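What follows is chain A paired twice: with chain B in the first complex and chain C in the second.
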Partner chain A sequence: MKNIGQIALGILTAIGGFLEVGTMATSAQAGASFRFSLIWALLLGAVCLIFLIEMTGRHAAVSKHSLSGAVRERFGFPFSVVPRTADIIVNMLLVGAEIGGVAFAIKLLTGYPIMVWAIPAAIVMWLLIWLSTLNIIEYSTAGLGMFAIAFIVAAVKSHPPLHDVARGFVPSLPRDDAAHYWFLAISIIGANVSPYMFHFYSSGAIEEKWDEKSLTMNRVTSLIGMGFGAAIALTVIICSAMVFHPLHIQIDKYEQIAFVLVPTLGKWGIPLFAIILGICCLGAACEISLATAYELAQALGWNWGEDKKPKQEARFALTYTIMLIVGTILMLTGIDPLKLTMLTMALTAVVLPLTVIPFIVLMNDEHYVGKHTNGPIGNTVVVFTIVLTSIVAIVTIPLEIMGGS
Partner chain B sequence: MTRGLRLIFLLLLACGDKDPGKTARSWNATLQLVSKHEVSRTYVKQVVDVAQDELSKLPQDNADVKAALDTAHKMK
Partner chain C sequence: MKLVNDLLDKQLLDRKKVKAGRVDGIILELRDDQPPRVAAIESGFAVVAARVSERWARLAVAIGKRLGVRKTPRYRIPWEKVTDVGFDIEVDVDGINSPLMVWEKWLRQHIPGK
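== the complex of A and B ==
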């Protein structure tokens, strides 16, 4: 019974972690521009993420090492400087995008500009991290994130042609606008597979003292949780495809995405969208800030742990505080949150190999994972992810700079 | 190799070259879609403001831009 409860809570966590501003933006753009044709990219990203999250949990449960700590121990401190620095820079941008998501959600309801809400949103996030425990953060934001089920209801009510939806699961070549099609395809994958999730999941597993008995729960959480998260992202594509695509509306601003639930859920569509976006971004911003603090503390050998009092791990607490301050400053510059999100998705994809390549070595090292080393399927999926990410890195950044999004 | 680089360059050009008419028609469709549904006045104002801001960046002599700005003006 306890395990069932743990699995249920793990699934909630996964849902909260999966759906955030990047997934929302890329899925909505994909549906509006290419109807169901890019569902395969979401599927591919979700499969990669399921494998990587399962490996992360397995590594933490068996080796009792955090990802960042194990890389430092195995490869030495100098080696870990580059990936950690890259992760921290990208995470700062991501936190900015998530704070922008929360501020935009409040703007939708009140009409006051994003810049007014950026500071209050960041203060709420900081208080949530400072005053509560890891479990409270996970379960409160993830539980409230269940509002996202509204997308499933809206997708069903919009009566999508199931045959066309099914065809979207198979990769296809676009009839026109090929550059935009491939840009969105790789952005969707980049939005789904983020290194901060591995650090957060790994550190959370150690804080919750997982051991080899937790491996089944880890598999179920990875598979069903991330699968269900992907299903909700799929319904964002479907809703967007049904609402925007027939009218040839291209998504340039969050204000357009906010309308996606209205045709099926009526006047409650806007408030519901605002609540979903606000909660998902709030949870994601907390997760990213904490993940960065975990990563830095483990790489530098500081005290760390969200369940400890801040005075016991002052540098850890200072790190997530700085992350939130930098993210807030980014939003106060007046940068467009959607543009920041799309740029960050591309940069996330660039730094992914820096985390994943050392991770492959660790997952095949019996010193760390004993008999639970990766099988050929796991290794293949990870290698495939790296190759895919390299393509993302090469193609996405120039496209973004040239104004692709 | 040269062919590959040329393909990437063409992709960049294709992506960077936004059609103002297409963007304007997209905003016009957005505004008309919003006007057909019962949503809060706060939201309508936000969409109209954003649409006008985006349309102001496009060539003002374009017929589609003029049409979209006209729709935005009527909704204000």
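== the complex of A and C ==
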């Protein structure tokens, strides 16, 4: 049962990273504009993520200390205040985008506008977090997230040219519209490798009382959870490339993405897309709100835990409540959800190095991880990710101006 | 003991092992002809804010006064009350009835339900 719980935590973490509104938007845009050419960006993000998530779980299981807490203990408050503040701001925007995703999904099914559904969607999310436990959120979202397998079915049924798909795994230079190409590449990385995933996974591992015996399962969970998420994101690119690219359709509205399953799944395409988007965005919004509460509580030393009654962890409960309120207000301003999503994905890429840099110290500190320090391969991946995310952070803003949609 | 490594920013646990904040600052007592000694540890947003800049500290104090929940922006725990210095720092203080968790207590009183 504990093993199933571990895998559910991995799948929910992956849903927050791979199957939410950001991945849907960036993958659909990538497929429509550049066919299979940006699959490599997804693969790159997924490989980095599998390693980093495994490290996060290992750190939590061995040290019993959260990532956010360890960063403050090891680097001090003046350092930790920078990534924590940046994360909180970006997470607020992300929660807004996810609430927009759920509201858009309901709009697809009912026809009523997004603004009508933003408040009810946020109330459902809040009730889910307030009334239930981490396990219930994990099992329900991970279970319902299996609807996303519809994308795999659609991708297979669309009979993509496998040779072209395989070529997409190798990085290539764009023939035209280079700024938009690179903007989408970093947005895909930003949409997949998100700082809140590490805080959520780390805190979930502590809540579920992982120990050194959990390390093998942690490896499996990282691989299965993130692998599942990456596979679905890959099929979104394939479906979008097969449906939109031949028609020269550039994605600039969520309404366009909704048609991605229609050619292969017929009349079930739009309802299925709406259900997948709604479930995944709901799970992601819960994950991001909780991750922010975990992150803040751990950095400031508050008592925390999703499995305890909200009144016992009042500051923790207040934090995720505020996150959902701010996200809802963002949606009620009438901001375009797709524009908000794309902006947030790029900003996520900007703050990413601040989260990844501490890994190189924490995962080699025997005080925390005992004999389970990183090996040469793990350290190489961390250094590579730091370099990659730093480059991405530097070029994001110029590319946002030149190539953002 | 290395003060910055082993004490500063570590998790504070009260006498019931409840997470009650972090060691935000350390107070040293300078003594004539003797090495300095740790007199107290400090907790409070004004303390950590001061470690970033004095302007932040003033802002934290001003906001704290305006909100009026926490009476003392800095809470000092005498070193004699520190019972263990390990991975976490344990103190002989009742967290929920001390300034360490005054916000937590205020919120618990204002949140409906059990």
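As a working rule, the second predicted complex is superposed on the first by the 385 of 405 C-alpha atoms of A that agree within 3 Å, B and C clash if a C-alpha of one lies under 4 Å from a C-alpha of the other, contacts with A are read in each partner's own complex, and residues count from 1 in each chain.
Keep this in mind: a contact is a pair of C-beta atoms (placed from the backbone, for glycine too) under 8 Å apart; a residue touches a chain by one contact, two chains touch by 3 or more.
It should be emphasised that the depicted structure is a prediction, and the values quoted were computed from it without experimental measurement.
Peer 1: With the two complexes overlaid on their shared chain, look at chain A and say whether chain B and chain C clash or fit.
Peer 2: These partners fit in the superposed model.
Peer 1: What is the contact status of A:His180 with respect to chain B (first) and chain C (second): first, second, both, or neither?
Peer 2: After superposing on A, A:His180 lies in contact with chain B but is clear of chain C.
Peer 1: According to the stated criteria, A:Val81 is in contact with first (chain B), second (chain C), both, or neither; which is it?
Peer 2: So A:Val81 only meets chain C here.
Peer 1: Identify the partner contact of A:His65: answer first if only chain B is touched, second if only chain C is, both if each is, neither if none is.
Peer 2: In the superposed model, A:His65 contacts chain C only, not chain B.
Peer 1: After superposing on the shared chain, does chain C or chain B touch more chain A residues?
Peer 2: Counted on chain A, the partner with more touching residues turns out to be B.
Peer 1: In the superposed arrangement, which partner chain does A:Leu162 touch: chain B (first), chain C (second), both, or neither?
Peer 2: A:Leu162: touches no partner chain.
Peer 1: Contact-wise, after the overlay, does A:Trp304 reach chain B, chain C, both or neither (first, second, both, neither)?
Peer 2: It touches chain C, and chain B stays clear.
Peer 1: Report for A:Ile377: first if it touches chain B alone, second if chain C alone, otherwise both or neither.
Peer 2: In the superposition, A:Ile377 contacts neither chain B nor chain C.
Peer 1: In the overlay of the two complexes, what angle sits at the CA centre of chain A between those of chain B and chain C, given in steps of 10 degrees?
Peer 2: Approximately 130 degrees at the chain A centre.
Peer 1: Can you give the closest approach of chain B to chain C, taken over C-alpha atoms and in whole Å, for the superposition?
Peer 2: In the combined three-chain model, chain B comes within 34 Å of chain C at the C-alpha level.
Peer 1: Overlap the chain B and chain C contact sets on chain A and report the shared residues.
Peer 2: Correct list for chain A: none, the interfaces share no residue.
Peer 1: Hey, which residues of chain B end up touching chain A in the complex?
Peer 2: Answer in residue numbers: 8, 11-16, 18, 22-23, 25-27, 29-30, 33-34, 37-40, 42-43, 45-47, 50, 54.
Peer 1: With touch defined as at the start, can you tell me which chain A residues reach chain B in the complex?
Peer 2: 107-111, 177-180, 182-183, 243, 247-250, 252-253, 255-256, 258-259, 262-263, 266-267, 269-270, 395, 398-399, 402-404
Peer 1: Write out the stretch or stretches of chain A touching chain C in their complex.
Peer 2: 65, 69, 72-73, 76-78, 81, 300-304, 309-312, 314-315, 317-318
Peer 1: Along chain C, where are the residues that touch chain A in the complex?
Peer 2: Per the stated touch rule, the residues are 4, 8-12, 18-22, 24, 48, 51-52, 87, 103-104, 107-108, 111, 113-114.
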